[in-house]
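Take this structure first; my questions come after.
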Amino acid sequence: MRGDVRRLTRTVAGAQVVAVTDVDLDRARSVAEGVPGARALPTGQALIRADDVDGVVVASWGPTHEEYVLAAIEARKPVFCEKPLAPEVDACLRILDAEMASSRHLVQVGFNRRYDSAYRAMKRTLDGGSLGPPLMAHCAHRNPSVPPHYVGGMPITDTAIHEIDIVRWLFDQEITGAQVLKPRKTSRAKADLQDPLIVLMEIADGALVDVEVFVNLPYGYDIRCEVVCELGTVALGDGSLVVLRKDGFRSDHVPDNFQERFERAYDTEFQEWVDSVVAGQATGPSSWDGYAATAVADACLAALDSGARVPVQMRQRPAFYAPAGLRTPVGAGR
Amino acid sequence: MRGDVRRLTRTVAGAQVVAVTDVDLDRARSVAEGVPGARALPTGQALIRADDVDGVVVASWGPTHEEYVLAAIEARKPVFCEKPLAPEVDACLRILDAEMASSRHLVQVGFNRRYDSAYRAMKRTLDGGSLGPPLMAHCAHRNPSVPPHYVGGMPITDTAIHEIDIVRWLFDQEITGAQVLKPRKTSRAKADLQDPLIVLMEIADGALVDVEVFVNLPYGYDIRCEVVCELGTVALGDGSLVVLRKDGFRSDHVPDNFQERFERAYDTEFQEWVDSVVAGQATGPSSWDGYAATAVADACLAALDSGARVPVQMRQRPAFYAPAGLRTPVGAGR
Amino acid sequence: MRGDVRRLTRTVAGAQVVAVTDVDLDRARSVAEGVPGARALPTGQALIRADDVDGVVVASWGPTHEEYVLAAIEARKPVFCEKPLAPEVDACLRILDAEMASSRHLVQVGFNRRYDSAYRAMKRTLDGGSLGPPLMAHCAHRNPSVPPHYVGGMPITDTAIHEIDIVRWLFDQEITGAQVLKPRKTSRAKADLQDPLIVLMEIADGALVDVEVFVNLPYGYDIRCEVVCELGTVALGDGSLVVLRKDGFRSDHVPDNFQERFERAYDTEFQEWVDSVVAGQATGPSSWDGYAATAVADACLAALDSGARVPVQMRQRPAFYAPAGLRTPVGAGR
Amino acid sequence: MRGDVRRLTRTVAGAQVVAVTDVDLDRARSVAEGVPGARALPTGQALIRADDVDGVVVASWGPTHEEYVLAAIEARKPVFCEKPLAPEVDACLRILDAEMASSRHLVQVGFNRRYDSAYRAMKRTLDGGSLGPPLMAHCAHRNPSVPPHYVGGMPITDTAIHEIDIVRWLFDQEITGAQVLKPRKTSRAKADLQDPLIVLMEIADGALVDVEVFVNLPYGYDIRCEVVCELGTVALGDGSLVVLRKDGFRSDHVPDNFQERFERAYDTEFQEWVDSVVAGQATGPSSWDGYAATAVADACLAALDSGARVPVQMRQRPAFYAPAGLRTPVGAGR
């Protein structure tokens, strides 16, 4: 929470933090004390209902997202929900239904890579059409290490979830099937974690995506993506700030963690959300995007379990969640 | 002006634009209309004296900088002055004298490269000491084109001035001599412009710096810098956002202009200045830095004229302008 | 043939071409005329039996390899056989049996990538152990185009066959299973060719390898390989000879074809084979390597057909084909 | 000598070593013993006069070059002379005169960089004309260390001599002036060596070249060159064989020494010389090139001494030394 509050008060122009809450109320109070004009409130529901709250940021534990997002929709207030929209597909669907019933686009999901300037340049290149249609993508998501509570399906739900969203966004299509391969396990992973994994995803038009997920590769935090099209490819650059020549090597630094790599994207994400709230026009990842990610992650988890290809089960996309240009704006009902 | 105002109101948290002015008052009024709570004032002096103005940004034509900076010092208000501090060394010295007389660090000069994350990483590497002392630097400052009024000494005063400052900052020493070489002239430069140039600068401890200044090189805006130390080198990276593989080439984009390359640095620069105003502790490039840059540029201009080495003439550095940690803070006199 | 003869006479020291043959005898005569001391012979069998022939290079059509290699073994002469050793696994096995019966290592297969300096640097890095055990490899084999007769299973037998061998060599283990995925087909491929493909290969210890095979990607000939180990990765460099900065791009050339990329490797391959013949000690890819490649390709072809994982069927590795250091030299029986 | 003999006998096709000599005759005998058909001769003169010697390689100490090259010219035998052609300009001129008197191009100087594939690609790019005329070049010649006898002017005569030749070749013009700058000296250089240096060279048409010569920079052997033209630049690539990702860095290896960087160029150089001898048509760097390099090095030495710009003094280029296509072939007089 502290990070989000700091970003909203110090980096993002146009926003003011007026209330905070936390399951640990003392923590909420301590944060509120550091922000002029902010107060701590006892519950998320109280915060969402407060008259001077115009928009809500939900950054609590995943299983609690549904409750707060639904409350924000009911209060007809824009809500920024950190990923996942909800851990369960059914919860995502309940949010979709509520948002559609409200007739307004109120929900944005925190898929911050869409705000990264490199991914955006890649998207512009693909949309420009000079490379022809995309046929494959090769991705890698590498972390130097993960905390002790990172187990089981978290390589899918906490890590590959970013690629799930970015691939949907880059290809502008849904994912229709998934398979998960288990390479030789690294000796650095705990007993209850299969690491690395290779996640294979099928795009609706037949394109294939492979994602290496490796969260105990100690050399650094490295996010890579190359989209292979009919006429050429486009990839995230390997560029770093400076290049060192020393001791027989020419080297550049790999980011230590996601903050170093995506800090600016977090800023842009918040700024654009604040702007969209002011403008009354939702522009960011929607509930539909959150739902789709969860649905694909479910298929991946099943594939991880079964070892076989698993089709992705998804509801028909409602017109309400048509591409942004055609959608009902956030403030249309006001 | 419009760019600065937009940045202060939309990007930088903690600042509010309350008044603007311009030699073209209609323009000032039009800008003020776009900013809630802002008004246009008839003169810079009126703006500087206004009670609700806590800090001043001077972005007018270079020759007018002295007047406004002196007025801000007299009003004991922090002032952010775009480079150059003043085009004439004597004017710089008058600003130094006034600021020292005020006993407070009120002036920051707009050398925005010090806020660029790549230069900062380079500076950290050099300060870390693992490369040993720096002996040389090779720089290039390349522009695809320049406007019609760009003539005479402007490759020094408008272009190399950035390298003059960044080299002083990277080496943490003054520049003591300069020489300017004139390579074969490009056919793309106008008759009244020697382009390209090679500017040679001597650092106080004997290190040498060469700067290629080439402002009609149409391939893009390219800023390069490699510092050669006893044990190795560190250089600005060549990294770009994405890498394209197409038509027989693997390529990445060179920035089109300085905005694309340094946009983030401008944001950071303003943000840190706003923060320093709030904190009452000047942290950015000082009057001394502005003076030093003008003094070196003067030597370069003389060298351009004479073809010979020209020593840099500078006043002794007053204790007042000691390194930041030792300086009297902005708000100390309040 | 002409290329091989030129290489043997003009590039490789220590070899002399004394006889050539070809299914088109006129062509053989024309080649022989260009080489002082060389004559054309009517058949491969005649050539192999000729007293002044100390070693044989087989560069004929794949299905004829078996006959000539067996004849060379019978004549107890070293034979360099271009890949594939034989298109059918059974033919490979007959060669293995004959070579073992001869008690001498006489057969080398033309897997020339093992002689490429980049792959060799990669192998040294892996063998050095600083990266820990390899867990995955991501490869891409891209061709700008293929000739009209390139159809059906040739992406496996003519293209991926190189990765099949190099992966066995890099991991120093056999491949135990294969699966072939079919991404969305490029519109540039003919009706009878599934292009691109993704070939998945399982290494004996559980490591996984994915190979993108894309032979109608017009940007250039691009061979890529990254081996992901427990502590880091090693990849073929993207380096090119020169870097161009022009028209907004910084770019380097992708090779046009395999000659440009691997020309030096072909020289080294021949040179080392000539040296090994002189030294009486086989050092290059053996019959076993040729057999293994064909066996894996067979599994890939079956996988391409069935869409499912196919285990690789291989004979136990005989002691005769133990790692090079332990093998019976070519000349041991002489 | 041993390296040259090995290259001629084992790498280069078309040559046979029949005689060797050395100031240390025992050494010559030991080398000769290792080469079938070779014998040691007591003096260079005896070797040059020997009937079965068709071409001569002079790899002795620089001051002895003149004598042997003149003897080879007198014997009308092609001679490959390692750089420098001769340490003194006057000696170079005597060689030029003798060669012209012989009416045949018999002398090739060992400027091996002209055979490096990267420099050749750069030359092709420049000659192609797409970048417009060259205006500047920025070069760096970095060595990790130098032997104890490397003192005084050797940074010019042993190191920058390569850039002197390659710059003449790339620009296809003579060098008309030189200046040498002395940056802060590295603490790693001996007392009697100014290291690093910056050598400035003026091309006949006004283009300028700067060369960093730094022979105690321990990170590796690094040769860099960027030619800046009117429309863009072309530079030696930074490519390496493999790229390592480990311990927070993405790095590639810098060559340890000139052998690693230029080994292939040495092979090509010899091969093309052998071919040119067979063809009776000189194609490589000529006596004129050797003379020009020595003349420029002399100007650099004077500039190093005086600290001022020194014009290069050169004889008019005789028609005999016109560009290769127009020259009298080696064997024309036979």
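Which chain is which? They are A, B, C and D, in the order written, and residues in each are numbered from 1.
Just so it is clear, contacts are C-beta pairs under 8 Å (C-beta built on N, C-alpha and C of every residue); 3 or more make two chains touch, one makes a residue touch a chain.
All values reported here derive from a predicted model rather than from experimental measurement.
Farthest chain from chain A, judged by C-alpha centroids: D. Looking across B-C, B-D or C-D, the pair that copies the A-C interface, with over half of its contact pairs the same by residue number, is B-D.
Chain geometry summary: the mean Cα position of chain A and that of chain D are 58 Å apart.
Look at where the CA atoms of chain A average out and do the same for chain B: the two points lie 38 Å apart. With centres set at the average Cα position, the gap from chain B to chain D is 44 Å. Among the residues of chain C, those in touch with two or more other chains are 218-219, 231-233, 238, 240, 245-247, 252-253. By the touch criterion given at the top, residues 132-133, 135-136, 138, 140, 181-188, 196, 198, 200, 203, 205-208, 210, 212, 214, 217-219, 228, 230-233 of chain A touch chain C in their complex. If you check the complex, the residues on chain D that touch chain C are 9-14, 117-118, 120-122, 125, 130-131, 231-247, 252-253, 264, 271.
Residues of chain D that touch chain A in their complex: 218-220, 222, 238, 240, 245-254, 256.
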